[in-house]
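In the two assemblies presented below, chain A is common to both, partnered first by chain B and then by chain C.
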Partner chain A sequence: MSQLFSKKNREVFSSPISMNNPVTVQVLGICSALAVTAKLEPAIVMGLSVTVITAFSNVVISLLRKTVPNRIRIIVQLVVVAALVTIVSEILKAFAYDVSVQLSVYVGLIITNCILMGRLEAFAMSNGPWESFLDGIGNGLGYAKILVIVAFFRELLGSGTLLNFRIIPQSFYDMGYMNNGLMLMPPMALIIVACIIWFQRSRNKDLQEK
Partner chain B sequence: MKALRNYLDKIKPNFEEGGKLHAFRSVFDGFETFLFVPNSTSKSGTHIHDAIDSKRIMSIVVIALIPALLFGMYNVGYQHYALAGMEGTFWQLFGYGFLAVLPKIIVSYIVGLGIEFVVAQWKNEEIQEGFLVSGILIPMIVPVECPLWILAIATAFSVIFAKEIFGGTGMNVFNVALITRAFLFFAYPAKMSGDAVWVSHESICGLGGNPDVVTAATPLGIAATSGNVLPDSLSQFNWDAFWGFIPGSIGETSVVAIAIGAVLLLVTGIASWKTMLSVFVGGALTAWLFNVAGPDTAVAHLPWYNHLIMGGFCFGAVFMATDPVTSARTETGKYIYGFLIGAIAIVIRVLNPGYPEGMMLAILLMNVFAPLIDYYVVQSNISKRMKRLNNK
Partner chain C sequence: MATKKFKCKVCGYVHEGDKAPEKCPICQAPASEFEEIVEGGAAPKKKGMDTNSNTYTILYAVIMVVVVAFFLAFVNSSLKATQDENVRKDTKKQILSSLGVEIKDATADYKTYVVKDILIDPATGMETSVVEDAAFATNYDNEAKAGKYHVFVCNIDGATKYVIPVNGAGLWGAIWGYVALNEDKQTVFGTYFSHASETPGLGAEIATPLFQDAFMGKQVLNGEEVALSVVKFGTVSDANTQVDGISGGTITSNGVDAMLKTCLKNYTKFLTNKE
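This part shows the complex of A and B:
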């Protein structure tokens, strides 16, 4: 048991959430971060979907890593990811239809998410299933964290709501307050991601280039 | 002048290292160099200076903007009194406009300069003077009904994200004032376009009235919404648009006032006549092409000379396109850059029904391409000279 949560394994799990975040440090998976973060709810669902898919595809590829011939490994990885994405997509359609409509093609496009292929190639191909599972969960949550932060600001400032509950009271609107329409457009997601990167790098000296 | 210099010398020690007002060092520095040309010289290398530095350049641009600003104030009052159906003396009209425009200028300067001062102090740099011009440009390119709080947000956004992030004055890719306008345009479209924002409709300090009608469209707005038959007033040369008695953003309406500023900029050599001229040539040619063989819409039928005098075309051509930081720097590049700004502005006006005015987007788009244009101009020059060398 102690070996399962050794220092190294905890590191594998926690580093992608902060210091080695896939979105803000490696700058991967940006496209979907732009597309699904106009509202908080789809962002949370998207983050969880990616977490589940990354974790289980990591496990599967890690189990197969010694049997897959090197030359066709990308195709095998894609098949595994595609199967998992299809499962998640079907589950969303069955149990969270509204959100799956909002996410539209972006659930399917998880197949092409760079974070997934990156983790499979860089981690699962050379580590055991348990470590790979932790790595997948960690990277998925690191991605989800950024999505949720971005969606929080975009929904709050762009629609005045959070999870579709009205946060900014009507009296503000009566006084002349207006929702910021730019927040609902994809470019603003890039700017918010950039602000998060700015904040993170100004706090961590290790991340700054010399 | 002498007394001022002596006074500055007397209070200077307070702002130096260890002085009690050291926290305001950058503020003092900024004002001192604004009032007097600094007498420090470069210590190393060879430098060529002329008598003018960037603070003096900025001041001349601000002076060149004054005629358009004053006329804009008068026109704000004129449009308001016309909408309210009231008669007013010259001073009532001007006073009304002055009171409507002044808060915008103050807000824009306080927010923009405030951020500049904080950043300069924080990074331990000198105050940079770029905001002197942006601060007066911003209130001149917004509609008069634009609320102050969104103006403040937009100014803060553009100073931080269009300027400080790139390294401050002289490093920005985009024109700061236009980014402010673009932010407002996309974030708060209800306050930046349509027909209810161009004329102020409340009385200020007892001046003006409370008109029942609150809509007054700009000529371009009328052209964009009038199907495929152009109203008579727009199909001949529009003298109102030439003098500036039309609804529009505060400083952009009068061709005459802008022309006075343009002359000043050209005489002092601050703006490039190449850019300015080619914007007009590009716009006129494109608009003429649409006149001859365009789609059957009212905007396409708008005569080319009216295109040039309406909306923000003149203002953009004179004060925005010629911005030395964001425009092309090679001499040939200036022709290409200006021509494309004029052409794209008209294309957006005519072909995009959502945007009656295209000048802002055209200039911002060409800001992005300016370095590319320069690169190819330089490359072609290099290869030309290479050929000459090899043929010898």
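This part shows the complex of A and C:
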């Protein structure tokens, strides 16, 4: 049991959340970070779904890794991810219809999320199922973390709400405060991500390129 | 198995003995370049199959596709009934949302409030048939294309309301909604709009009460024309029929406008028929 949570495994789990974050350090999955972060709620749902799918596709590919023919490995990975995403969306439709309605297009977006392919190719193809599972969860959470931070600022400054609850009081608007409509536009997500990267790199000397 | 065999990785020389020789007699490679050859029934360290051969690759691809296809087909068919039920329930919920009633159980509440689901003839505006609950349709876009124009006759606290389904296209995908009218078939009682994939925070705002409630009390027709419309934000000139669009969601707002015009046009005869 202690082996399951060895120092190396804990490292595998925690490093993508902070020091080796897939979004801010590896700059993967930016496209979906733009699309779903105008509001906090879809960002959270998307982050969690990506976490689940990354973890399970990592496990499946890790189990298959010794049998996968090298030349078609990317296609095999894609099929596994697409099949998993389809199953998850079918199950959601049957047992959690409201959630599936909310996710709508984002489920499809998960298939093309580069974080998944990146982790499958870089980690699951050469590691055991348990490590791969931890790596998947860690990377998914790392991705979710950035999504939530970006969505927090975009929804607060763009709509004055958080999770659809009004945060900025009406009296501010009466005094002439206005929501920043620019925040709702996709480019602002890039600028916020860039600010996070800037902040992270200025704090960590290791991440700075010479 | 008294002796083990060691093969030089550099030149292929095979040495027999207890351990690898210090130096390869052929190419002078050091002992570290030797590897043990395991023979017999025990599984060799190397892969038993050549995973790079064409046959293996093709077979692998075929088997994988077939297995995944069967699996997905199985999942889909086993969950189909539950999913369809959910879609029906959701459609009923949307119809009820346009009436502004509080929904606890969509199926039961639908029975309480919706008196009947009728089809009308767009040419005369008369009721042609009543749709049974078992045949409850969920895709009103297809229904309208097939010439079936639904009207839901509802009863809220003794007052008759008519709910008309509308369908159209937004920026990224389909948008749809339900318009509830008062007994006079002219004043909007409530609306419900939803969308498949509009931009969150912009076009997707059509699904919020803020946008939907703005329709309350508006007039649908002006003579024989559909007057109910969505205009550019801040340019409402006739407060009786026009509703502010969403700034930043212009294409979706225009989509709602076009949807109301095209769909309600088929109902003008029904709406002007005040008997």
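What we mean here is this: the second predicted complex is superposed on the first by the 195 of 210 C-alpha atoms of A that agree within 3 Å, B and C clash if a C-alpha of one lies under 4 Å from a C-alpha of the other, contacts with A are read in each partner's own complex, and residues count from 1 in each chain.
Going forward, a residue touches a chain if its C-beta (ideal position, glycine included) is under 8 Å from a C-beta of that chain, and two chains touch if they have at least 3 such contacts.
From a predicted model like this one, the values you see are computed outputs, not experimental measurements.
Q: Based on the superposed arrangement, let me know which partner A:Met178 touches: chain B (first), chain C (second), both, or neither?
A: A:Met178: touches chain B, not chain C.
Q: Which one hits more chain A residues, chain B or chain C?
A: C
Q: By the touch definition at the top of the document, which applies to A:Ile191: first (chain B), second (chain C), both, or neither?
A: first
Q: Is A:Ile87 in contact with chain B, with chain C, with both, or with neither (first, second, both, neither)?
A: Only chain C; A:Ile87 stays clear of chain B.
Q: One more residue to check, A:Pro42. First (chain B), second (chain C), both or neither?
A: second
Q: State whether A:Leu63 touches chain B only (first), chain C only (second), both chains, or neither.
A: neither
Q: Which parts of chain A are touched by chain B and by chain C alike?
A: Common to the two interfaces on chain A: residues 181, 185.
Q: Could you pull out which chain B residues touch chain A in their complex?
A: 147, 149-150, 161, 183, 186-191
Q: With touch defined as at the start, can you tell me which chain A residues reach chain C in the complex?
A: Against chain C, the touching part of chain A is residues 36, 38-39, 42, 66-72, 75-76, 79, 83, 86-87, 90-91, 93-95, 97, 101, 104-105, 154-155, 158-159, 181, 184-185.
Q: Considering only the defined contacts, which chain A positions touch chain B in the complex?
A: So the residues of chain A in touch with chain B come to 176, 178, 180-183, 185, 191.
Q: Once bound in the complex, which stretches of chain C touch chain A?
A: 47, 51-52, 56-57, 60-61, 64-65, 68, 71-72, 75-76, 79, 82-83, 86-87, 89-90, 172-173, 196-197, 199-202, 247-248
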